[in-house]
Amino acid sequence: MPAIAALRHELAIANRICAHEGVLDAFGHLSVRHPADPGRYLLARSRAPELVEPADIYEFTLDSEPVRPPAAQLYSERVIHGEIYKARPDVHAVCHHHCPAVLPYCITGEPLIPVYHLGAVIGAKVPFWDSQDEFGDTNLLVRTPQEGASLACALGRHNVVLMRRHGATVVGGDVRELVFRTIYLCRNAEYQTQGRLVGRIGALTPGEIEMAGSLHQQPNTVARAWEYWVMRLEKRGAIPPRARSARARAQARAKTRV
Amino acid sequence: MPAIAALRHELAIANRICAHEGVLDAFGHLSVRHPADPGRYLLARSRAPELVEPADIYEFTLDSEPVRPPAAQLYSERVIHGEIYKARPDVHAVCHHHCPAVLPYCITGEPLIPVYHLGAVIGAKVPFWDSQDEFGDTNLLVRTPQEGASLACALGRHNVVLMRRHGATVVGGDVRELVFRTIYLCRNAEYQTQGRLVGRIGALTPGEIEMAGSLHQQPNTVARAWEYWVMRLEKRGAIPPRARSARARAQARAKTRV
Amino acid sequence: MPAIAALRHELAIANRICAHEGVLDAFGHLSVRHPADPGRYLLARSRAPELVEPADIYEFTLDSEPVRPPAAQLYSERVIHGEIYKARPDVHAVCHHHCPAVLPYCITGEPLIPVYHLGAVIGAKVPFWDSQDEFGDTNLLVRTPQEGASLACALGRHNVVLMRRHGATVVGGDVRELVFRTIYLCRNAEYQTQGRLVGRIGALTPGEIEMAGSLHQQPNTVARAWEYWVMRLEKRGAIPPRARSARARAQARAKTRV
Amino acid sequence: MPAIAALRHELAIANRICAHEGVLDAFGHLSVRHPADPGRYLLARSRAPELVEPADIYEFTLDSEPVRPPAAQLYSERVIHGEIYKARPDVHAVCHHHCPAVLPYCITGEPLIPVYHLGAVIGAKVPFWDSQDEFGDTNLLVRTPQEGASLACALGRHNVVLMRRHGATVVGGDVRELVFRTIYLCRNAEYQTQGRLVGRIGALTPGEIEMAGSLHQQPNTVARAWEYWVMRLEKRGAIPPRARSARARAQARAKTRV
């Protein structure tokens, strides 16, 4: 399978993992930067993540225009992805979501902090972006390049940005690191909330955040979790089909004709 | 499939989606106004929503009398539907439920407010109906035309009405909009409660409610969620069977006889 | 199927429903009074409720002695059942459980009150039994006739009794009413707890409790919920097998021999 | 099946039960002391517990060195197991985990206490180990023999030790007792947290802890729960395959050659 087809398949799996693990429902989306052309990224057409398959994934410029005119409807918030890829050359994968555990922090503006070792992957600081600051009343979606650039600016050098009364956007060095960070962001938020019910909470020390954070982004740690999440999809028969390459499709057609 | 058969099938699916997504258990019900006759509506016989199939769906007048004498037992609270259809010509679908996330607000009388973008579909205000005000001690069900009319009056021009120590009733322009509003009402209530554990909560601004609310009632947004919920039913083998038309049934009988 | 075999099957289903709906895990048990002999009751041997089948169900005297010497181990707390049947001729089914939603009330001693219409089936008052009062330090199980009689005395004329740092015991007029009351006791407890997070809670009025309570114990209401719970078991392939009668077993053996 | 093969199979089942019952996700691990050589223990290679099968299980010295050079990657925290086996000859099984219900106590340092009869299996006191005390800033994992010995020292004569901002480690007399204690530790933590929402919490009396604790560690109690958890794995088709013995593998190879 050529590299780009494998990446589409991995991105479809990542969509389904995030849905299956309770991060995404009908909404939210994940993208990956094009491996050969840093000026492009891959993102599904407008579809619930649990249904995404490789054939649903389109190529976009960093201005979030589709490279080929699509037949399908597109996510209206894709500028989130394009503007972050413009501002952060080190970022190769982006997830925007509205996970139940994170919403209370988006609603109240209370800071989300890393409270346990796996939560260190969110980093020492999670900035908060308020669309009211620059844009006043909106429908709260991020739909113009200006809104996307403003969000990317609030994200800065960090790993996660909360969006007032809306959700969160997470970035990663690749698809698997992104999924890992997204899922453990949600677990960390859940434990932070539950911790408040029990006593006084606080963050890891700066040294712990740095050490535990870099440890949990190492490929072998991420690989253990990835194998687990993929197995859980497999058990439900939810691995997406592989898209056939143009060449394979042509061969299949030729065969049928004979 | 004739329009009315398709609508019965859609209503049966809507019943099952609301059950599958945790809004309904053994109780609660959804109806739709008759597309050809605004003086009638369609509603299942008394049955748990997750079991409803097209053949269970009967036709009622707006006085909530069955058009044809039924062989089966009927929901005792069907006046909720009839009286709202009388009072609100713009309403074409109604759901009455006791969703766990909403119950704390029915019990305490605390106001339910839209706290995030998808929650805007409940509207700026969710009125509270207290059966004690007009009827004193009752069994808390809405069973007389007077009780139904009183509830419809409390609903007024709004999208949702809470019912003291009982549940909620939600209205929509069609079945899919209704399901979308019902499910995101429950999510919004859950996040409002969780938000209180974390910090200080408040509503979207009036402008945000209007803009985000109308956005999330657009057919393409609702369609994305509907495809997702239907897929989840399909995965469990829970799509209801289609009712055969009278004509198809007659043909089938004829065939069998030959 | 003779009446007693049907009742065994119904009791096995009731065990599995309570497990499947989250009331029981590896522990807890349900019994039914013998329909022909009010001085006996039916209860499973010591086994997790989700596994109980008709062949696991034994007959006991009201002193909680097995009528025939059993080959299997028995529940050590069966006096709960026997002593309640002695004290309450109107009771025909008993469930003892440790449902997660109820435990916080058993731990703290805070009163459990009916906060919504379906919760009215628990009655106006849920007494609290503290084993320390009469027996001092114990292992908290109810294992002697004296402990069982003390619990039955605390239950009095009520529908439910909480047991300090242990669980709850629920009674009913028949198996289906018992299951209905048990499940809605748990829902009511969950909403009471969640209600406290949101605002000020209180009970239904005495008139509402009486009217809503008797309404929700009517056979047609209970039947709708029972059909729903059975269907959910069926979907998981979890309906217990029917025990064959002694006669059928003899015939089967004869057939095999031929 | 030889004893050691049966034990490997039981350990694989124990891994999967803890995953299936919500104690473990992609991380955490269980070990058992070697039945014939108390100076060795059995532990899986680095793999998510829900995937562990007998063939994944390796043998280690109490210095946590693999007895045979492994082809696979190993858990970096295996010193937790080795150092506890050194310090506690009575311990024959160890589980390290990050269960959601326990995390709030690891984050806040609030004491975890036995609040209900089944929770008595955690014992009267659950000590709290803070890696900062001796080691300052770390990545929070327990990876050096010194860290492992420090944790074992904090555990002392107790059944469970909490680890600051990390998780918990539980010990048992055998695999099944360990699984029972681990699962009811998590339930107890959940009820303690929920109890705080409802009222004032406190522990069982010392006499109750001793009596209820020893009761719930008796083989027949543990066996009832084990049968239940195994049945739940079976329903999902999740029982691990049996590893073939070296002899069986040799025979199979011989057969293939013929």
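Per-chain residue numbering starts at 1, and chain names A, B, C and D are given in the order in which the chains are listed.
By definition in this document, a residue touches a chain if its C-beta (ideal position, glycine included) is under 8 Å from a C-beta of that chain, and two chains touch if they have at least 3 such contacts.
Bear in mind that the values here come from a model prediction, so they are computed numbers and not experimental data.
Between chain A and chain D, the least number of touching-chain steps is 1. Superposition on CA atoms relates chain A and chain B by a rotation of 90 degrees, given as a multiple of 5. The most distant chain from chain A is C, comparing centres defined as mean Cα coordinates.
In summary, the pair chain B and chain C forms a contact in which the copies contribute largely different residue numbers, shared numbers making up under half of all those used. Computed centre separation for the pair chain C/chain D is 33 angstrom, with centres defined by C-alpha atoms. One inter-chain figure worth recording: chain B and chain D are separated by 47 Å, centre to centre, where each centre is the mean of the chain's CA atoms. Of all residues in chain D, those that touch two or more other chains are 197. Under the touch rule stated earlier, the contacting chain pairs are A-B, A-D, B-C, C-D. Of all the residues in chain D, the ones that touch chain A in their complex are 25-27, 46-48, 50-51, 73, 98, 100, 103-110, 132, 136-141, 165-167, 193, 196-197, 236, 238. Those residues of chain C that touch chain B in the shared complex are 115-118, 120, 187, 190-192, 194-195, 197-201, 204-205, 207-208, 211-212, 214-215, 220, 224-225, 227-229, 231-232, 235.
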